[in-house]
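The same subunit A turns up in both complexes below, where it pairs with subunit B and then with subunit C.
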Partner chain A sequence: MTAPISSFMPGVLTASAAARVGFAHRCARFSLRARGDLAPLEAALGLSLPDRIGQRTSAGEREVLCLGPDEWVLHAPESDATAITAACAGVYADHPHSLVDISGREVSFVIDGPRGAELLTLGCARDLDTIAVGEGRRTLFDGATVILWRDADNNFRLDCWTSFATHLFHLLDTGVRELGAENH
Partner chain B sequence: MSQYRVSGRGRVDTARPVTFTFDGKSYRGAQGDTVASALLANGVHLMGRSFKYHRPRGAIAAGSEEPNALIGTRRGSGRFEPNTRATVQEIWDGLETNSQNKFPSLKFDVGAVNDAAYMLFSAGFYYKTFMWPRSFWDKVYEPFIRAAAGLGVSPIEEDPDTYASRNLHCDVLIVGAGPTGLAAARAAAVEGLRVVLVDENPEAGGTLLSEPQARIDGKAAWDWLAAELEALKALGVKIMTRTTAIAYYHQNMIGLVEKLTDHLPKLPADTPRERLWRVRSKQVVLAQGALEKPLVFHGNDRPGVMLAGSAQTFLNRYGVLVGKRPVILTSHDSAWYAAFDLQDAGAKVQAIVDTRADVDALLQSEARARGIAVKLSHTATATSGRLRVSSLRINPVAGGTVGAAQDIRCDAVLMSGGWTPSLHLFSHTKGSLTWDDDRTTFLPEKTPEDCVIAGASRGLWGIGAALADGAEKGRAVAEALGKTGAQVAYAIEADRPGTGVSHKELPTDLSAGKAKAFVDFQNDVTAKDLRLAVREGMRSIEHVKRYTTNGMATDQGKMSNINGLNIASDALGKKQPQVGLTTFRPPYTPTSFGAFAGYHRGEHFEVTRKTNIDSWAEAKGAVFEPVGQWRRARYFPKPGEDMDTAVRRECAATRASVGIFDASTLGKIEVVGPDAVEFMNRMYTNPWTKLAPGRCRYGLLLGDDGYIRDDGVIGRMTEDRFHVTTTTGGAARVLNMMEDYLQTEWSDLNVWLTSTTEHWSTVALNGPNAAKLLAPFVEGVELTEEAFPHMSCVECTVAGMPARLFRVSFTGEIGFEVNVPAHLGQKLWDILWEAGQQYGITAYGTETMHVLRAEKGYIIVGQDTDGTVTPYDAGMGWAVGKKKPDFVGMRGLARPDLQAKNRKQLVGLLTEDGSKLEEGAQIVFDPKQAIPMTMVGHVTSSYDVGTTDQPIALALVEGGHGKMGETVYIPMPDRTIAAKITATVFVDPENTRLKI
Partner chain C sequence: MLLIHCPYCNETLPEVEFAYASEAHIARPTRPSETTDEDWAEFLFMRSNVKGPLYERWRHVHGCGRFFNAVRDTVTDKFLTTYKAGEPRPDLSSLTEGLK
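Then we have the complex of A and B:
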């Protein structure tokens, strides 16, 4: 049986010469849905909401990725959660939107190493070359919905729902060792 | 050096000998040999027995198209693979191989009696012989057929190897690394294009490996090849060998299987045996080349009878002479060159027998210069030899008359019936083919995919033609991708262009009816079988194929298709395109199940979702059950308890004091927006407008058809925000359905849906002490009847954690569901568990949950409903908003059939003898009626472990709501049980226990 999610501690979980998979610290996560004039929300959040799917913006430690025509995911420090909720609630009456706390829903793996991008090809059917550094995508990894944040050529964060994490990690771990055994 | 190894020839490394075994006998080969080339180097041609007649067979080819030389390979315990082609399997020190389909030994096989009885095994034999009696099929015929005819034995041990898969995106994928593919790669390998070149062989080069005499741009073929591969790598071309393109799927997705370890003496750590690549390429160049056809004549399957091109390959690539006194039998120029190569390597070619009257004078003079006898306008009519060919019988043909026979002594017959373009992957694309009369073959025409086909696979011949076409097609695909391909031209010397003709079975002076002239070697189909199929009424090649099994073996007719078609079209008196070509289907060559399964086996077979509280349950010894992808604690047995005992204890404890239950898997959807309430009104049967914030309601979700699809308690957190719960298994389905309606039907609504299933850990407390236990931890609301009545919800703090608290009950007891952010779930559970000890708190699982809810008549969607149950059938008409203008399923519910009086309706059942009914058992009104009885319903839920004084059951019964108190009968195998129809609520019908 795979290890329970609670046994994952922030830090490196598995590594080889080819790639490394770590577990990210917990953060506040929100799903933000809105249409129309976004300026009031942007003002409330203190950042601009990118209008192209896959684009990211950030302000301080708040970071947002556009997932759909009216959908963003927002990451921030846990301590910032209350402020974000309050700020959005403040503009709801005039600018209705949906802000839902999903902090508990997801965890993130951090993937890096010289062949970090290749590691993702084990489970992701997307052409990773089309995700520019500094962008992100919602996609599938090994059949589960994930969000990929590309932070550098071979440096990704992979957000997944908690109950899929051990399964996905099992494949990532297999892949880290498999890539590490290759003579490249 | 082995007897048949030629010094100075081949690409194998004879300085590195490799020892392996075949049928227990040890043989020595060289590094780079296949099993076939190593055995041939040792003079061994007999490698197997045929499928149906158990005829002795040897390798006929040198590559993956080999139909005969199928062997078992073993690498220690568990690592056995049947039906491996000896021409593909590379040897390594310690490899164990064995022949198949023989008993007791390869040289003496009692199954060969089938060969003597061949008249019985003709086309359609299975259909004719095993038609009747029907009852004989399972016990007599099928086992007999399976035992008698067959290839290798399936492995029975679990495969200890691992298999992998990856995705690969590229701009140009080139299948086949022969001259065509290499030239295409060079032309397409320009800045900005990702080019991938794959080949099934251990090394790239294709034809060049078998034709070292050619010179390209002034370099010997092999030197040019080595330099070109380096150059391509330097240009960034990804070159993959031992990699077979098995299938061409829609929209330029190609499946590749890469073999990683089968050729290695030691298995490296962490390395899968095979890897399936899912390649999406913008453009594909198919450069698979052509496959040589056998000639069809009596005895053409005797070991030592081989394809001439393969003999040339064995010589030039492996340094092996397949015979020292070969005779060539051909209808194509290419075999002449094979003769020359073998002669030049020291063999004494006995003759070149060509079916054609006119052959290039240059070839004839080359033959004469080597002292090789030439026989033009000849046919072959037989071979002799027991386990190895020893002579070929040939006859002159003049004006359609077969003349007197002559026997040529030989130790090998090297035949060529011309070449068939390899159209397999092209066919996978649903590409259309066109018949080329001159070449007597099908050529590729159009494909709907972004794909070009080049070189020999579109009928071109010769290295020069292949290189030129490859370069042109490589440039074309680069251009299609908006780039300018590289201009490349090649100067070729010592090329071997040529032509040939294609035949049906060769003419003979012997009885055609007794000829064993094989068309499909792997399925033992002869020319006679094909003609018989036509005589018996088969008209289409598809019918001929199925009736005779021609082309239906694992080689998919790579050698037999065109010969079979030529014969069938001759028998039908029609042109080949009117008879048709059978369709090639993936995979191109046999592929292991492991490659398809990839990582998804063992514990990684499918995701097992676990809640944050799962490890606590595991530590407590919970027994789990799968619910959708989740695993849930089913019950918590104490030492010595079986399920019934544990569940009985858990039920009693919950009704007596307090039980704790992990309800985290319940689906949760946050519905937010100004139109949230309108959305809820349209989605669920219930009315939501008047539900005040802070209150919740049981919601019923129907499909368009009016049948129950899902249910759950829904809380209105604020005016514009609903916390929807769904069944565990229905969570994803319900969200999809909602999104579907929202995006396609109700884009007017300003509302958004977010899955929060996993955001929350949900801990349920039920029982008379639930409020007492929970109250001290709750800040923000008082758990009293007045402040927080049944069906209330609130955002508050529980044990210092942000929480959504629901007062709901799925047990009939005072009940709460505490939702906290998932990562805090275990902490909350621990606190409540600790504090609950004073009340004797008991953890219960899904089984107890099922029993307690059944005692209250609460349905479980999917157990008490089966997709044909309306809210009225389930006795829940109260949940349908009668005044609402519309909701999903409203129209469906209005259909006459759904309003019929006598529908199956959910009722309770109590057996007269106090026994427990079986779930799924059928119900009848009259047990004395004749069989088959009229069944009027079935038992949906049944328990005898709860807190009622006798077993209870829920059932769907025709008109059940109008039959309260009546008796129905449940016939079982040993007896018939009588049961009384009751209401569905067995415990506390007045709901007094819900009150704090």
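Then we have the complex of A and C:
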């Protein structure tokens, strides 16, 4: 039943009257770990690094989410990747940090539709009401670590490792069809 | 399912996001080469195995990733408190006062 990851094309993968699951376009993804004075890094990246877990900031098409006390995930267009790497390398000597390109490690599903939030309760034990619109969290979804970005009440992005993608999609697809069937 | 308060996220979250990481406040000998076999075995293997409130480590592995400490009653499974790694061990009598 599981399809290889290469078979997912950007766009809607499954949909019903209740919810839709799409596959996001590829983007540049970085894991950033840093402590101490963050100002030089913020200046290099051109955005402020949020200090509360779950908080997001963005500048242009660069978007950052605070995952832990010294950990952030950064998304940007693929064409911006080399600029980000170079900018952080420029301050590395005086402000050591870890910037790791994880673009090849993760993919994102886009969940929306009138019961999008309810669809996520299928695999997520966390109370989704605690994730405000415009925030995000790392959590567990049916056994896989995922990052949820809540873009609207019923609109989420779900980042997961590529090796979990087909499994998670299969579960989401079942949920989309099941919630859709309930509507009739 | 248990709900566990992560002192770094400052949120009370489902148990499945967390991993248990054994008893807390066990200091590794600073000079292992000068430690006797008995003391080293004590450090490695011997745990208090209390029946009641236990100081223990947990990790918010599917969240902020941080290790922190907790006091959990091993009989009732109730968490009396959680606190950040490196903070002093909270006084037990103040935690159990309200329970008696």
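The definition used in the following text is that the second predicted complex is superposed on the first by the 181 of 184 C-alpha atoms of A that agree within 3 Å, B and C clash if a C-alpha of one lies under 4 Å from a C-alpha of the other, contacts with A are read in each partner's own complex, and residues count from 1 in each chain.
We take it that contacts are C-beta pairs under 8 Å (C-beta built on N, C-alpha and C of every residue); 3 or more make two chains touch, one makes a residue touch a chain.
The structure presented is a predicted model; accordingly, all values stated were derived computationally and were not measured.
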Just to be sure I read the superposition right, which of the two partners does A:R138 touch: subunit B = first, subunit C = second, or both, or neither? second
Partner chain in contact with A:L122 - subunit B first, subunit C second, else both or neither: first
Residues of subunit A touched, compared between subunit B and subunit C (which is higher): B
Would you check which partner chain A:F23 touches, where first means subunit B only, second means subunit C only, and both and neither mean what they say? neither
Report for A:W149: first if it touches subunit B alone, second if subunit C alone, otherwise both or neither. neither
What is the contact status of A:H167 with respect to subunit B (first) and subunit C (second): first, second, both, or neither? first
Scan A:E106 for contacts with subunit B and subunit C and give back first, second, both or neither. first
Return first, second, both or neither, reflecting whether A:R177 touches subunit B, subunit C, both chains, or no partner chain. first
Answer with first, second, both or neither: which of subunit B and subunit C does A:P69 touch in the superposed model? second
Look at A:G54 in the shared chain and tell me whether it touches subunit B only, subunit C only, both, or neither; answer first, second, both or neither. second
Find the residues of subunit A that appear in the contact set with subunit B and again in the contact set with subunit C. 125-126
The subunit A residues in contact with subunit B across the complex are 1-2, 4-6, 26, 31, 33, 35, 70, 92, 96-106, 118, 121-122, 124-129, 142-144, 161-164, 166-167, 170-171, 174, 177-178, 180-182
Quick check: in the complex, which residue numbers of subunit C touch subunit A? 1, 8-11, 13-14, 16-17, 61-66
Sort out for me which residues of subunit B touch subunit A in the complex. 162, 164-169, 194, 268-272, 278, 280, 599, 603-604, 607-612, 614-615, 618, 629-630, 670, 672-674, 720, 750-752, 754-761, 821-824, 826
Which of the residues in subunit A come into contact with subunit C in the complex? 53-54, 67-69, 71, 125-126, 130, 137-140, 145
